[in-house]
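Chains here go by letter, A, B and C, matching the order in which they are written, and residues are numbered from 1 within each.
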Amino acid sequence: MSTALPQACSAAELAADLGLQVQGDGETMIHGVATLSGASPEQLSFLANAGYRKQLASSRAGAIVLDKADAALAVNARCVLISTNPYADFARIAARFGRDERIESGIHPTAVVADSASVSPGAHLGAYVVVGPRCTVASGAVLGPGSILGEDCHVGADTRLVARVTLVKRVRLGERVLLHPGVVIGADGFGLAPTRDGWIKVPQMGGVLVSDDCEIGANTTIDCGAIEDTILEEDVRLDNQIQVAHNVRIGAHTAIAGCTAIAGSTRIGRHCLIAGAVGISGHLEIADRVRINAMTLVSHSIHEPGEYAGAAPMQDARSWRKNAARLRRLDALARRMLAVSKEDTDD
Amino acid sequence: MSTALPQACSAAELAADLGLQVQGDGETMIHGVATLSGASPEQLSFLANAGYRKQLASSRAGAIVLDKADAALAVNARCVLISTNPYADFARIAARFGRDERIESGIHPTAVVADSASVSPGAHLGAYVVVGPRCTVASGAVLGPGSILGEDCHVGADTRLVARVTLVKRVRLGERVLLHPGVVIGADGFGLAPTRDGWIKVPQMGGVLVSDDCEIGANTTIDCGAIEDTILEEDVRLDNQIQVAHNVRIGAHTAIAGCTAIAGSTRIGRHCLIAGAVGISGHLEIADRVRINAMTLVSHSIHEPGEYAGAAPMQDARSWRKNAARLRRLDALARRMLAVSKEDTDD
Amino acid sequence: MSTALPQACSAAELAADLGLQVQGDGETMIHGVATLSGASPEQLSFLANAGYRKQLASSRAGAIVLDKADAALAVNARCVLISTNPYADFARIAARFGRDERIESGIHPTAVVADSASVSPGAHLGAYVVVGPRCTVASGAVLGPGSILGEDCHVGADTRLVARVTLVKRVRLGERVLLHPGVVIGADGFGLAPTRDGWIKVPQMGGVLVSDDCEIGANTTIDCGAIEDTILEEDVRLDNQIQVAHNVRIGAHTAIAGCTAIAGSTRIGRHCLIAGAVGISGHLEIADRVRINAMTLVSHSIHEPGEYAGAAPMQDARSWRKNAARLRRLDALARRMLAVSKEDTDD
């Protein structure tokens, strides 16, 4: 592993690279990025969330990427870069100043590779990596320390398993996929048939397809399909500790926040935004461009794009206990109320 | 590891093995299993979920396992096998066609085994397995790559740790237990005593007993008991990312879906079905044959078998916000309504 | 690893060490600790949870630590030790009887340590530990088997990674921190900027600071900050499978139960008690000494100490379905009711 330090450049150069408009002193030299409240005059910051707008006037940042409408508020900055998508342009600039972490290809002497596996000479295998039978690892792929590939798995070009990722069986990863530590893909789905004597395990014979440009957070689990595959289309982004059950399909460009659980055979559309700790029942269909708010239980299919919710409101516990006690008898209360209302109308 | 390909056989042979009734051409040769929509004429499929009944007529499957009542709907199949439990019988047939993955006994040269541990010559230890002091591993047990046994753990005959499973201390696994990657059993329970100066850790001195035929999903955690043991009775089936706190006891044949959390010292009965993302408070008792629906908070004991629920309904977010705002004042609303109702009655 | 068995001592000695008052026979010899229902006459037990008070009279324990008010109920015990904090004093006594597990310093021959890393000769590195570039490990630290340190991480004195813990990058652990298996700290936060062509990853350039005396449960994940650090102040206690997103700050002495998820940039106060499976939205502020009940969604900031709740009540599923159906139309119901009420008032 070799590390090159990023180099300083002028605000005008950054703006030219990304097609941004410069207001103020474009010669301002930028050495790195920071938050509005933490930036020094040698750093660039950004405003993308209106909640931080009040920090704009007092920020010491040398340059700030922001929306045209906010430019006049950055009274302290030597320079502003006007963008139609400040967060994305900040991300592009930050990537330039990130540590250039170049991972060299090669197989660590402790890696254990099955005879029937095929590892590109352009791939990197870290310490204590295990690659099982009939696996293939493409050029530019990085298997970080402690990662384990079971059987019949494929890791595409420039895909990275940061560390301690497990691909169990029949997992195909596309190109430029990023998997964080603790991820488990391709473990058996939860398939059980009840009998008089207890459970019979239903063999889980499908695989998992993770398409190009997906990212999967720490300790997230994606089960293999029962017969057909579990599928993530391209550019799906999963946060930490998400559970994806067997035969789920997640559409391209959908992003899901931490701790959400998706039960078996559900199909989620493209460009959906699903918040954290959501539960999605099995065998449902969710349309494209659906937004689901945190801690909602999705118990039926969603056919129209839009925003959906269903988490109970938080209150001081004393008030909530009273309200919850009424909720337990809401139907009776409603019946009584409707009877009164009807009598009233009948008058 | 050696792999034998499964062999084709006739539908009549499969039926004879399982005591199923054949309708149609029993000589239909079956090479594998598939879904109703994906099957070819050389494959067998099944119908167990009424939601897929509409696929029966168009399925190209050569043979279909189904309930007697559905037999007439399978107009395309050369043959149907009539079962009183189609899902279980499909599971049995699928197991026959699964890849015969035979794991040979032996200790990988990279496994590290403590002097005081005892590993049967009939066990398999994969690459980078670590077996700590006073552990025992029985014949037929498989410790997949990267698995770690801490101290005083026992792995029963024919039990399998697929890969990267951690047994921390005082964990006893019965026979034919199946643990998926990322499982952690026997870590300290969450025992803390408050003092004026902060928290004091309460030593967690119990163990964990996982009885015969249990299955535990990826990244599920089961803590050791504080003093006595945490216990799973036989044939308990846990999905992925479940949390089982110290001194929980789960009755035989109970199945729990992903992301459910069970707090300390709760006892769950036998033959329960607990859905995903359920929360169960501590120190409760749950009777046998209880079903709990997804995302319910179980905050008090359940003494009667039956189905229980408590997740708020999902709606479009605009409607939900209005309803939730009312819910925050439901007690006041109810009081007002009851006052009106009373006046009305008083008239 | 060497193990010394704990020694017996008299109840009076234990009381003297902790400043407890003895009633009964202080010469009672104690060989270990147990639950009220499981203790033998050679064991000490305790009563701290009123739910177990009914077990006091029948307990066979030789000595019992309890509150003064309960002393008269322990009619069977040869001796009681009266404490103002029975649970904390029991914890202190239990620690004395716990197995004295002394882990010797030294580096296992299979540990892989980068040239630029610095490991104290007083530290212990177990089998298959990997320590990456520019990491430092202080004296008394224990890195259990399979633990991985990526880049630029620091492990403080007497801190223990039980096994298979992953520190990804820029993670600083204080002294006496305890991390259970499967913990992942310092993986990338979930930072994405939307563009017309899909998501752009926002570089996650901050680190994680875990202060002295924190404990973190199995499979819990704590992401690195986007720009500044994610921070746990001293004596924070996290249970299993908790998700802490980027730039969260958790105040000293706060304890959080299993499966709770905290979204990005939220600040939680000191001395908070957060129950299990709670969801906390991003960019919020939670005051000191706040208690949040299980499965509550915290969707707005909390400025006052106190107890907060918001999980819907559990019922038999039939009743709940009726109530939930009404809840879906609660606003309309309330409008109608208020109209009637108004008419009524108008009379």
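Note that contacts are C-beta pairs under 8 Å (C-beta built on N, C-alpha and C of every residue); 3 or more make two chains touch, one makes a residue touch a chain.
Worth saying up front: this structure is predicted, and the values here are computed from it rather than measured.
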Task = Could you check if the interface between copies subunit A and subunit C is built from the same residues on both sides, meaning over half shared, or from different ones?
result = different
Query = After a C-alpha superposition of subunit B on subunit C, what does the rotation angle come to, in degrees rounded to the nearest 5?
reply = 120
Note = For the pair subunit A and subunit C, the C-alpha centroid-to-centroid distance in angstrom is 26
Remark   = Where subunit B touches two or more other chains simultaneously, the residues are 110, 128, 146, 164, 182, 219, 241, 259, 277, 311-313, 315, 325, 327, 330, 333, 337, 340, 344
Inquiry  = Give the list of subunit C residues in touch with subunit B in this complex.
reply    = 1, 3, 33-35, 38, 48-49, 51, 85, 87-88, 90-92, 94-95, 97-98, 101, 108, 110, 126-128, 145-146, 162-164, 178, 180-182, 213, 215, 217-219, 234-235, 237, 239-241, 252-253, 255, 257-259, 276-277, 294-295, 311-318, 320-321, 324-325, 327-331, 333-334, 337-338, 340-341, 344
Ask   = Which of the residues in subunit A end up touching subunit B in this complex?
value = 110, 112, 128, 130, 132-133, 146, 148, 150-151, 164, 166, 168, 182, 184, 187-188, 190-195, 198-203, 205, 219, 221, 223, 227-228, 241, 243, 245, 259, 261, 263, 277, 279, 281, 283, 291-293, 296-300, 306-313, 315, 319, 322-323, 325-327, 330, 333, 336-337, 340, 343-344
